[in-house]
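Working notes, beginning with the structure itself.
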Amino acid sequence: MVSPNPHLHSKTTTSVLMRDVVIALLPAVIVSVVFYGWKELLVLAVSVLSCILIEWSVTKYLLRKPCTIGDWSAAVTGILLALNLPSTTPWWVVLIGAIVAIGVAKMTFGGLGQNVFNPALVGRVFLLISFPTYMTHWVQPQGLFGVDAVSGATPLGVIKEGLMQGASVPDLMAAHGYSYSQMLFANIGGSAGEACAIALLVGFVYLLVRKVIKPWITLSILGTVAVVSAVFWLANPMQFTDPLFNLLTGGLILGSCFMATDYVTSPMTTKGGIIFGIGIGFITLMIRYFGSYPEGVSFAILIMNSVVPLLNKWFHQKKYGRA
Amino acid sequence: MSTTIIWTIAIISGLGLLLALTLYLVAQRFKVVEDPRIEQVEKAMPGANCGGCGFAGCHAFAESAVKAPNLDNHYCPVGGNETMKQVAGILGFEIKEKAPMVAVVRCNGSCDNRPRINEYDGSLSCKVKASLYSGDTLCAFGCLGCGDCVEACRFGAISMDPATGLPVIDEEKCTACGSCVKACPKGIIELRNKGPRGMRMYVSCVNKDKGPAAKKACAAACIGCGICAKTCTHDAIVVENNVAYIDFAKCKLCRECEAMCPTGAIHGVNFPKPLDKEAVKARVQERQKKAREAAAAAAAEVKPEVKKEVDNG
Amino acid sequence: MARRTFSIGGVHPSDAKISRDCKIEALPIAPTVYIAVAQHIGAPAKPVVAPGDKVKAGDVIAEPGAFMSAYIHSSVSGTVKSIGPRKDLSGNIQTVVEIEVEGDEWKEGIDLSDTLVTDIPEDPKAIIEKVKLGGVVGLGGATFPTHVKLSLPPGKKCEMLIINGCECEPYLTSDFRTLLEKGEQVVVGTALLMQALGVDKATIAIEDNKPEAIEHISGIVSSFKAKGGKYQGIEVLPLMKKYPEGGEKQLIDAVMHRQVPSGCLPIDVGAVVDNVCTALAVYEAVQKNKPLVENSVTVTGECFPKQANLMVRVGTPLKYIIDYLGGVPEDAAKVISGGPMMGKAVANLDAATLKGTGGLLFLTREQTKRMPESSCIRCGKCSEACPMGLEPFLLRRLYKAGDMDALEANAAQDCIMCGCCLYSCPAGIPLLDIVSQARGQVMGIMRARAKK
């Protein structure tokens, strides 16, 4: 055999990397099924299976290219999409979400590596706009075999509603008995991904250890959220929620650890990644504080995704021997 | 209609008009004044922007043609004589019709003819393979089979034949733009005259190694024996660097070289009747025998005359 | 573990030093040798022998063809059979001098004894002349004529001599064994180079996966300090095990914390880098009058039954070496001349060794077959790995678009062809193949521009 150098290759392949992401998401998946029951399992199953099926059929029948489901990226999108949805989402809504996520946000751009926007988030935002009732029907965790779903808004939703009605933040927090330990270990309403922060952070640490991702983007997002919300909260604690609350609620942990760090849609350099993270953190808070949506992470990430090509153009790797 | 709607319509319409006026004024102010003939010529071009003419696209060709004193260095291979007639008409020039050309792959080193001696595992690019080593066969000059030519063709006229591992040119689609010629790192593809009714002859080999080495590498190689050059009565064949080359301007399509070639390296394409090798060989040998006899006779005639002179003188 | 290393990029392949315990043994001389006249950077050497001439080992058989060229000596004693074309390991035709071997006689004046000569000649020019006459070229693989490297351009001053004992390529151990077995000679060679360059500081850099060598050479260096002179300026520096730690530019960054600007030479930042085997060759040329006619070669690979480090005469056919050790293994799919990251895959085993041949590596299909190419996932691992700080994913896109100006602006010409990008790409994209084509084209454009 003859080939140009080098003649060795590292063991890291695309499917190994994607599989690591799936493994990192497993704690969150398990916890969400434990909290939200078999309905959550259904949402997950429909999401993952339909993402894989859509990618397979598009590559086989429309693009006529070799099938790419073997690289596990469709499965990752499926899990992330499911973790963003309420457990009561009907299966057909999940299917539509998967079609939009894979079919529109990924395959129309050319498949893996070519999309500008994070597919799972595009799917989620599409569903949020098209089916607002289903998408805001949050439930309290019922446990594995709980049958009766008790509706409960997410903490962010509660605060938004309450503020619009003129209550102040401390009153609302007291009235609903929110405590930080609850948010960390998730006994409050929300999407599966919003829930258990610890499970998500365990997965994040796994990805860092396996050298799948670098921590800059995540830390930049969380840092920006902490700093900016601290500024606002200190200025007016009646109107604005405090940093820890903002860090632990909503899809921030899920978004900053798994969605913003997606290879394809994030900047290629560390500097670009930090700016990316600052942008996401800032926009998230602006939407949470001043926008009409209670949650802003999905929109913030999608907006910053569109800025990524510009960040790649402006921020390059430091070259050897050049100033 | 409420005032809101009236105001909205008024403002949007006003904005639209204002912007349209701005655009018009800007377009007028910054208009590039061009010789109107450039646009006319450009319209006559095929618009492929392939660079086959040697200029950077059809507009560049048009610009240069309008400025030039004549159309000698301007020929569009894609549009051919028809297009050039139109251009000449617009610019008031005379043109000579050029013979249509076509790309020819001068290698017959298929997998059957030319055994592989190693496996190439690099990137599928002829350029990369050529800069790495002499190739995966014993012939260092032949087609590398990675398809750089296929990728370079903008007209879909080349494809790789999986059975032979060699590129195949679709004559109907080929515009002789020369992109494949430039893309081939081995210089195997050449633009040659298409020939009357598409008939043409060419030597399908560029191997410059000596005969035995060439033959060892490939069963269809040109071994530089020179029989074709000796056979050709039209002075069209030259053997240089152990390989024969047919000058397509001089070739008269008699196919005698094809019949005489011991390795079958000379190809004739699009001929209506198949070549009867034996008959042509016999004819050539007969002619050569007669020529030898005539030469011997002429030499014998000269000798008695000289003898007479010597005797007398 | 040593923490000191270069600051940008790098990858961590397994070092696979399975032949580290193999002592360097002399390979019996082959019946015929084929010595190429072009085995160094610069103009090919011009043969000065003719078929029929009798030569001894160490006789000059070719003279430098230009300033940037080198002497070539016969590595054996025997009769010159022919001077003509022969295929090299890539199947390309090269001119070689074919010598049929008779006995093993050496030219007069060459000291083949083991006696260590530690006194350094005073005159730098005399040292450089002896290096030139010895045909010494860089044995780190680049084969740059050493006497040219030592002839500093006017106005340039050397601040530090770096001796490369890193051997960062996996599998290769000949430099390591040289440090263990000929350490004193290497240190004397270092001092000779220092004297030739007029520099007082030298660093022998060794990767930390060779603790025995670090210890051994450190011992020699400290005991030699008592000799005074240049020996007092030599230090040993352990470096982190990382590829390509032994790359010239990376070594200068790791040892001196300086970076060679693009388009410049190491001497522009006051550095000169030489391989340990080059230092050994300098010692032999200057102190023993022995020209460069043999080099240590590691023959290795997991599928190769008998690991070995051999001292091979220049021009020995590769087949001869392999057959001596048992022949090509059944499951060996690729034979590489050099290391697995920057070595050349051998297409023609009839080729012969050159001065710069340092390794013969056998890899199985499983170890070396490239994975199928899939789409770029924009992970950025190629850019993280590149020791020159380039962005291979971007260079690939620019090359496909044919944007030569952007390629030059993005430093395609700075690529050192180390292979870190292709090594780390999860999608199996042949990045180095593309970047090296881009690099070649950009360098051609820059050269043409400079000529005008």
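Note that the chains are named A, B and C in the order they appear, and that numbering of residues resets to 1 at the start of each chain.
One rule holds for everything that comes next: a residue touches a chain if its C-beta (ideal position, glycine included) is under 8 Å from a C-beta of that chain, and two chains touch if they have at least 3 such contacts.
It should be emphasised that the depicted structure is a prediction, and the values quoted were computed from it without experimental measurement.
Asks: So which chain is farthest from subunit A, going by the mean of the CA atoms in each chain?
Replies: Checked the centroid distances; the maximum from subunit A is B.
Asks: Grab the C-alpha centre of each chain and report whichever is closest to the global C-alpha centre.
Replies: That would be C.
Asks: Taking the mean of the C-alpha atoms as each chain's centre, how many Å separate subunit B from subunit C?
Replies: Distance between chain centres, rounded to whole Å: 45 Å.
Asks: Using the average of all C-alpha atoms in each chain as its centre, how far is it in Å between subunit A and subunit B?
Replies: One centre to the other, that is 57 Å.
Asks: For subunit A and subunit C, let me know how many angstrom lie between their CA-based centres, rounded off.
Replies: Inter-chain centre distance comes to 50 Å.
Asks: Multi-chain contacts in subunit B: which residues touch at least two other chains?
Replies: Within subunit B, residues 118-119, 121-123, 128, 132-133, 136 contact more than one other chain.
Asks: Could you pull out the residues of subunit C that touch at least 2 other chains?
Replies: Subunit C, residues with two or more chain partners: 333-334, 345, 347, 368-370, 430, 433, 436.
Asks: In subunit A, what residues contact two or more other chains?
Replies: Residues 1-4 of subunit A touch two or more partner chains.
Asks: Can you check the complex and tell me which residues of subunit C touch subunit A?
Replies: That would be residues 8, 11, 13, 170, 249, 253, 259-262, 264, 333-334, 336, 340-347, 361, 363, 365, 367-371, 374-381, 383, 386-391, 393, 410-411, 414, 417-419, 422-424, 426-428, 430, 432-433, 436 of subunit C.
Asks: Hey, which residues of subunit B end up touching subunit A in the complex?
Replies: My answer: residues 118-123, 128, 132-133, 136.
Asks: Which subunit C residues qualify as touching subunit B in the complex?
Replies: Within the complex, subunit C contacts subunit B at residues 87, 90-93, 333-334, 345, 347, 368-370, 373, 430, 433-434, 436-437, 440.
Asks: Using the touch definition from the top, list the residues of subunit A that touch subunit B in their complex.
Replies: 1-4
Asks: Would you pull the subunit A residues touching subunit C in the complex into a rising list?
Replies: Contact set of subunit A toward subunit C: 1-10, 12-14, 16-17, 68, 71, 73, 110-114, 263-264, 268-269, 316-322.
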